[in-house]
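Some structures to go through are shown next.
The same subunit A turns up in both complexes below, where it pairs with subunit B and then with subunit C.
What follows is the complex of A and B.
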């Protein structure tokens, strides 16, 4: 970690319209959970909370979008604006730059998504006795956010169109392709997150059944973080400053 | 350097302020030019190769269900219709959303970022002309995503069997429906996405906002309608832009949705979806126009 870099990144990420956008998006699951609580829903609370609220809205939509916005902006917007030159010209090892940027992007993503997960989960499940569902998804979201942020940060060093590439990965690969071809599920951060959540939440398979086992998900998450982090550092070490983009 | 006595000393400076002598093509030509250049930009033509990858790949992917249907027809000899024209847009809805999310910021975001709007507005166009030209250009580009696969499916269906002409004649009533639905959906998605894209000069975040709008509204509407059968659950589907588009399409094709699908569960009248589609498109158009009307250089 390098504190000045981290502080500047935090300011870069939070002083924007996108923070408002993300706050609005993070409110969506909370509102839905409130509607579930006081509306006339016919589904079982644990069933609804894990499959709809957590899996469909938070893990499949809110988490990747938040990670995409912050993960690609942390370093990508500096490269876009041309200020990356000043950062890379400082005598800070490149891996420290990557780690500082990554940690801040991760924490900001987690702040938004975790808040939504916990508040919405408690709202939907309070008094129903499935506290582990909230804990499971909270832990899984923290781990999933790290994997997503690492991948998107590496992507933002690799290409100036990282945001678009990330959108395509999230919505075409994870959204469409993994639904059609089962074998591709081992290459989807969404499935790792769901696998880890299901493992901790330990619900009966009838209620919530992720495609991947918990241990397998955890190992795959660690591999993704390490590989993407290494690629990101490597790309930044070979990054040519002064290049106009 | 040689000095010439013929020229007075001040002469080389006196070029005069000359007026443009050529033909002035006027507002109509200016609007047409913005339209054509924006249409080219929507597919990355005249831009670097990287800008072409996403739009072209999305058009190719949008053709995939039609190609699948024709591939099955070629391989099995049987005329199984697994892909119906009324359902086609639902299969490719995320591709449609990704296309507008990627290309709407491309059309308006660059002018915002580079502050080139004053250059446009100092010409013989009105501000509304600029916005409308961009809208029609994006909607035209979207026709490659909506109408083209339908036409491929229609022609392919006819040629898949041995009775080409009877088949074409029998499904001819689909043609006006395809045209109306494709134009309606293209205009709707173009208007909504441009209204979002015109708000920010950061193209990446405009893309995020557009995709979030479609994906979140779709998921929330789906969750509401799946959860119960009270009236407000059924009305919840109207939050989902995807389902509004789907409901309007079914109404245009005069078919009923599957009873188990989200639209079937909601069981709302078809004209409601169509009216809401038109209302939302108009609202988006107003927001888009307002953004340019209010601009002060």
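What follows is the complex of A and C.
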């Protein structure tokens, strides 16, 4: 971890316009939970909170979007505008740059998504006795955020179109393809996150049943983080700036 | 080719920067073609038209491009995939982009901290003073002019007191006063034994600053040496002029007899003269006209652009 790089990255991420947009989006699950709480709905609160609120809104949309915004911007924005040179032309091993940027992107992502997860979860389930749902999804979101951020950060070193590529991954691959072809779910960070959440929340299959087992999800999350992190470092070690840049 | 004064033990033995048969290509496009040179302390200018390969050479020298062939060593070390070499390298990239939300002081301080200097605040203050930016140091860079941004970049590059300074078009956007200040600063740094390499497509900048000149054209090292050598090469080349006078035909016939002229051409009444020696022709032309009783209206060089000078050096 390199503190100057981390501090710079934090200011970089908090200064971008997309962060404001994300802060607004993070309020959506909270508002929906409030509507559910004070509205009159037939669905059981634990069912709704785990399947709709957590799985479909937070894990499927807010988490990958936040990770995409912060993961690609943490280093990618500097690579795109040429300022990365000011960090890379320093006697710092490139892996330290990657790790510092990743940690900040991850923590900022977690700050937004975890806040939404906990506040919305507590709102939806207060007095219902399903605290583990909130705990399970909170832990899963933290782990999922790390995997997403690592992948998107590596992607931002690999291509200047990382944001677009990330959107395709999240909304086409995870949102569409893994729904159509069961075998592709082992290649989905969303499914790992849901598997881990279900494992920790210990809900009955009737209430919430993820596609992947908890242990399997945890191992796959770790593998994704390690492989994507290694790829990101490798790419940055061989980073070249062209004539056009 | 070594453009540095040959030190005892051979030029390569103490060269701060050494390129041997370095090439870089992008697919089928050759950006830099088998360039070799060695540089010692002092200021060297990479001179060439836009797109000649100057930036590619600087990118390779700074470890941001891998040579497709050949070897590059800076202070005896490879630069590619070797971040530790940046302890001794300061880099001023051509791109203007900086962190707009940082002040100049914060930006230079960031560099000092990344270099793990023992007293980063003092180092940043010293570098800011050197580029004469103290009054604006606490303003956000986003509001800076192009010339001020250029000075911030230089301050960040020198904050760790590097032995090698690489600058890509450092005078872009600088006003004349800033330009002179920066030139003085670079001369002082070079006088302290540092090796400074800068690129420019402007002949006068190189002439005023560089002790050694490397002329890069179409990715090749077309000429190298001290500026007087390069200037002589440029001046001694054949020059072509168009001449307007009261009697072009008679003037052409008289001029061809001059030893400095080796060709005349009269097409549609337009007289074109090719001279081997610029100074001798400049001296002879008005005298010949006067002797012949011909009024000379205009003598215009047709190929004085830097590109045409460069083209000549390549063909030479």
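Everything below uses one rule, namely that the second predicted complex is superposed on the first by the 240 of 245 C-alpha atoms of A that agree within 3 Å, B and C clash if a C-alpha of one lies under 4 Å from a C-alpha of the other, contacts with A are read in each partner's own complex, and residues count from 1 in each chain.
Keep this in mind: a contact is a pair of C-beta atoms (placed from the backbone, for glycine too) under 8 Å apart; a residue touches a chain by one contact, two chains touch by 3 or more.
Please read all numbers here as calculations on a predicted model, not as lab measurements.
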Touched partner set for A:171, first subunit B, second subunit C, both or neither: first
First, second, both or neither for A:239, with subunit B first and subunit C second: second
First, second, both or neither for A:89, with subunit B first and subunit C second: second
First, second, both or neither for A:8, with subunit B first and subunit C second: second
First, second, both or neither for A:81, with subunit B first and subunit C second: second
First (subunit B), second (subunit C), both or neither touched by A:44: neither
In the superposition, subunit B vs subunit C on subunit A residues touched: B
Interface residues, subunit C side, partner subunit A - complex: 26, 31, 51, 55-56, 59, 62-66, 81, 83-87, 89, 91, 93, 95, 97-99, 101-102, 107, 110-111, 113-116, 156
Residue numbers on subunit B that touch subunit A, as the complex places them: 50, 54, 61, 94-95, 97-98, 101-102, 200, 202, 204-205, 207-209, 211-212, 215-216, 219-220, 222-224, 226-230, 232-233
Complex contacts: residues of subunit A adjacent to subunit C: 2-5, 8, 11-12, 15, 81-83, 85-94, 237-243, 245
Of subunit A, residues touching subunit B in the complex: 16-18, 21, 25, 28, 32, 35-36, 39-43, 48, 52-53, 56-57, 60-61, 65, 68-69, 72-73, 76, 159, 161-164, 167-168, 171-172, 175-176
